[in-house]
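Every chain is named by a letter (A, B, C and D) in the order it is written, and numbering of its residues begins at 1.
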Amino acid sequence: MDESIYREQIIDLYEHPLNRGHLETADWSYEEDNPLCGDVIRIDVKLDENQRVADVAWSGEGCAISQAAASLLTEEIKGKTLEEVRSFDKDELLELIGVKLSMARVKCALLSLKVLKAGAYGMPDPEEMRKFDNPQ
Amino acid sequence: MDESIYREQIIDLYEHPLNRGHLETADWSYEEDNPLCGDVIRIDVKLDENQRVADVAWSGEGCAISQAAASLLTEEIKGKTLEEVRSFDKDELLELIGVKLSMARVKCALLSLKVLKAGAYGMPDPEEMRKFDNPQ
Amino acid sequence: MLDVNKIRADFPILQDEAYPGVPLVYLDSAASSQKPLPVIEAMNHYYRHTNANVHRGIHRLSEEATNAYEGARERIARFINAADAAEVIYVRNATEAFNLVAYSWGRANLQPGDEMLITAMEHHANIVPWQILAEQTGAVLRHLPFLPDGRLDLAQLPQLLTEKTRLFSFTAVSNVFGTVNPVKQLIEAAHQVGALAMVDAAQAVPHMPVDVQAWNCDFLAFSGHKMCGPTGIGILYGKRHILEAMPPFMGGGDMIRRVTLEGSTWADLPHKFEAGTPAIAAGIGLGAAVDYLTHLGMENVHAYEQYITNYALEALSEVDNLQILGPSAAQRGGVAAFTIQGLHPHDIAELLDKDGIAIRAGHHCAMPLHQLSGINSTARASFYIHTTTEEVDKLVISLNRAKKIFRL
Amino acid sequence: MLDVNKIRADFPILQDEAYPGVPLVYLDSAASSQKPLPVIEAMNHYYRHTNANVHRGIHRLSEEATNAYEGARERIARFINAADAAEVIYVRNATEAFNLVAYSWGRANLQPGDEMLITAMEHHANIVPWQILAEQTGAVLRHLPFLPDGRLDLAQLPQLLTEKTRLFSFTAVSNVFGTVNPVKQLIEAAHQVGALAMVDAAQAVPHMPVDVQAWNCDFLAFSGHKMCGPTGIGILYGKRHILEAMPPFMGGGDMIRRVTLEGSTWADLPHKFEAGTPAIAAGIGLGAAVDYLTHLGMENVHAYEQYITNYALEALSEVDNLQILGPSAAQRGGVAAFTIQGLHPHDIAELLDKDGIAIRAGHHCAMPLHQLSGINSTARASFYIHTTTEEVDKLVISLNRAKKIFRL
């Protein structure tokens, strides 16, 4: 992994985010914040007839890490089935981000995944959600 | 002052206390304990027509220091006026005891004086009583 | 068996003299234990090299402090075999653990007429919070008596532990009698009537292996300072689902999820119960204490204490007119509370101190126990991993000298 | 003026590097201050040479520990000019002080419809306890708003502080805006309507002379760890007659006068509010911190902080698109919270950390203040007696580097 967490790609994504916005007709939308810093992420997802992610958009405010993570995550799950989304692992996302994060920043990175999963499960499953509050 | 707190006189008084017992007809009686150790002292006082201590007796349980102090104190106040009893100072009693006491043991030594004063004031005067709980 | 001389070398204070030429014989570990060097150094190192506020900081020191503090929690959780570090709440001392349960669980759950059960041998920490709670909720506080030898009167349990009982809180080991109570049996009895069980493990966790899952207790309390750790830190263990259902105790920073001027929501466990900047150094110190004891092995600690306690009980039984409280050696922890006819505990403690021997005199925060035993106070010697047979011998010699001074 | 280089030599951590070759620039004292050697050594010495439980022991160590611990209380009392050491209650932190007042005074005194007043710039420690109290008693919690420049909107005080108000609790110095509030005036206003006044002095006692008798506050709260002292200790000051009339908060050992299984009576102040074995070492450490600050002179500490804060505010104002929250330098303590357009506080803190500079990013436990200011979070640099102008210069350079990395 990169030593500096602000590698070019992170800054690029912060400046030019992917899938940023809202979906007019989403199958589900979910919004959640990181109370430690007040950052908020909302994710809208639209499934196709095979229960695969047809389209996804995110919105919200946050630091470069949480914003880049949201871009990378939404890009990654396009075309995945609902089941695949539900079982998408936090380590996969951290690998996509590809920089070494401190514990405090891991929470920033995982905010979008937390929001995505809460939406995918239809509600926050406490056991599942807890993993994001106490990563590793 | 003596270095060892258990000089002969203290042990003597512990074995052979002075003024130990009860008065049949006391003008006042008061009893109090040291909650730190559960030791109790009761003092009965009889005044003469001039408001002087005609007779005094003490009873109760305690360590050698508190018991010796009770003997010395009661012996000392015989013949004193009510006013003199009220103004009898804790340092005077500590001098009578004549050994160097640690803070914890000063409380033992002063228990009988606390009881005597509470009786002499007709009730525990909080300001006056506090001095015994936080000696020096 | 433990190598007591090697252990003694770990404790700086044991290298000191009590008075010039008089070595220190510390027989007061039940009140507060001494600290081995690794514990002192862990805190020293923290303040010298990694001090910062925890949880909220994005800088190296804060990250390191958080890792050290939360890492300690994880090791403490393993030490008592908690299922999850989130079940381990940092408090100031065992006392606060009882108060936390009384204020949070108690007020949310007790109705007038509900009952709580304690025993008559409890420390004030496991009496007074329930008395205050009883007064404020209308619940009734009952107590299970003890037998003359200091064991619980289990025959009376069925009358006292009933469908009305909501909580049974009792000590695992008495700090006066030394009695080791049948913890598992008592917890099962509580659960059978639907009551929660809380264990006062202040005198257990420092001295024997404790496994909260094997005991199946709902709450458990202990203090760091009695187990080679610092003052100012203790633990409330609670089962996760019970803690989660409880309202917070103190409010402030760190225990919230979100605050608005209209209202607030709470953080997840364990933080929900930890308001404000915690005792970070003390938590790290307790982690180091747990490491120290783990390294010795709690089975070994227990075995050594049984050995030295046996030795002490026999040695003390040779002193004329000395009466030891509590049950036989087989059922007790490393404390020996006693009285000597004609010699007040204060005078015993004072005379022993002149020989460098530190014991405690008084009611040891167990006034009801003393009152029911018909005595005002006792002298108490307590033993730990660094106590030697020579020290016990000195205790006996010093007691005999004290008696002589008092012409007994 | 203070000799900052001499002072820096007193702090072991300031001799460390943040990363190899990168000196530590600690600008996070408002979250928790670093500790000078005399404070660290006071605790070290305690654990190595005089550790024992306090108050109850008749042996040399216990006597020495008691003297050290109670002696610290007396020096702390003098430091804030309390009339009597019994008015100084040891708590874990400022947060616990608010909770103690809320649980003890609040529940005994508040009726449905009674009001409490805080301000909109409070730390969560001075919000959440009153919210919980309001919910449990039916009292109403109101707040005094602040102006855009971070000063209190005193024009609204008369509507909000009324005959219904039982308590007005406010911060002396905001931990975000840095605002120094008109403490004396606010206390007088509270007393005029018959309300008690509680001062959050967590950001005041470390930084300026505080005289509780001159202020005439009824309660005052602060934490040891923000004033060169250890974690795990704080102070609740209260006027004697008010504390005496209050019921106890936590129950247990040391806070009782007598315990029977039927009921208990309470110890005198300050012990009535200090249940269980206290944070002895931390109390002693706070005593050493007070000695350290007294030796520097709080007037000097204050003057130096004003100097360095002025310097910092000017230096920061040179950074483009950087916005500082709070009032002008004349009315503020040594904190500078700011935002930079296009750069999130997390990213600022992270990038500064790589240059060895420790600042804080977030809501600093003051969510309502941020919400009302229309921002989620800020970056906060805070200054103390060891902060140099060179360190402030490094902060500015590092901020500009951060902006460059983000192509701003």
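To be clear about the criterion, contacts are C-beta pairs under 8 Å (C-beta built on N, C-alpha and C of every residue); 3 or more make two chains touch, one makes a residue touch a chain.
Since the model is a prediction, treat every value here as computed from it, not as a measurement.
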Co-neighbours of chain A and chain B resolve to C, D
With centres defined as the mean of Cα atoms, the chain at greatest distance from chain C is chain A
Distance between the CA centroids of chain B and chain D (whole Å) is 46
On a C-alpha centroid basis, what's the spacing between chain B and chain C, in Å? 37
Contacts with two or more other chains, residues of chain D listed in rising order: 56-58, 62, 256, 258, 346, 350, 361-362, 367
What are the residues of chain B that contact at least two other chains? 36, 102, 105
Chain B contact footprint on chain C (complex, rising order): 344-347, 350-351, 354, 361-363, 367, 370, 376-377, 405-407
Tell me, which parts of chain B touch chain D in their complex? 33, 35-36, 102-105, 130, 133-134
Contact set on chain A toward chain D in their complex: 4-6, 11, 14-15, 36-40, 61-65, 102, 105, 108
Given the complex with chain B, which residues does chain D contribute to the contact? 56-58, 62-63, 66-67, 86, 256-258, 267-268
Residues of chain D touching chain C in their complex? 12-13, 16, 18-19, 24, 26, 28, 31-32, 34-35, 39-40, 43-44, 47-49, 51-53, 56-62, 92-96, 98-99, 102-103, 120, 123-125, 127-129, 131-132, 141, 143, 223, 225, 230-233, 248-256, 258-261, 263-264, 275-282, 346, 349-350, 352-353, 357-362, 364-365, 367-368, 371
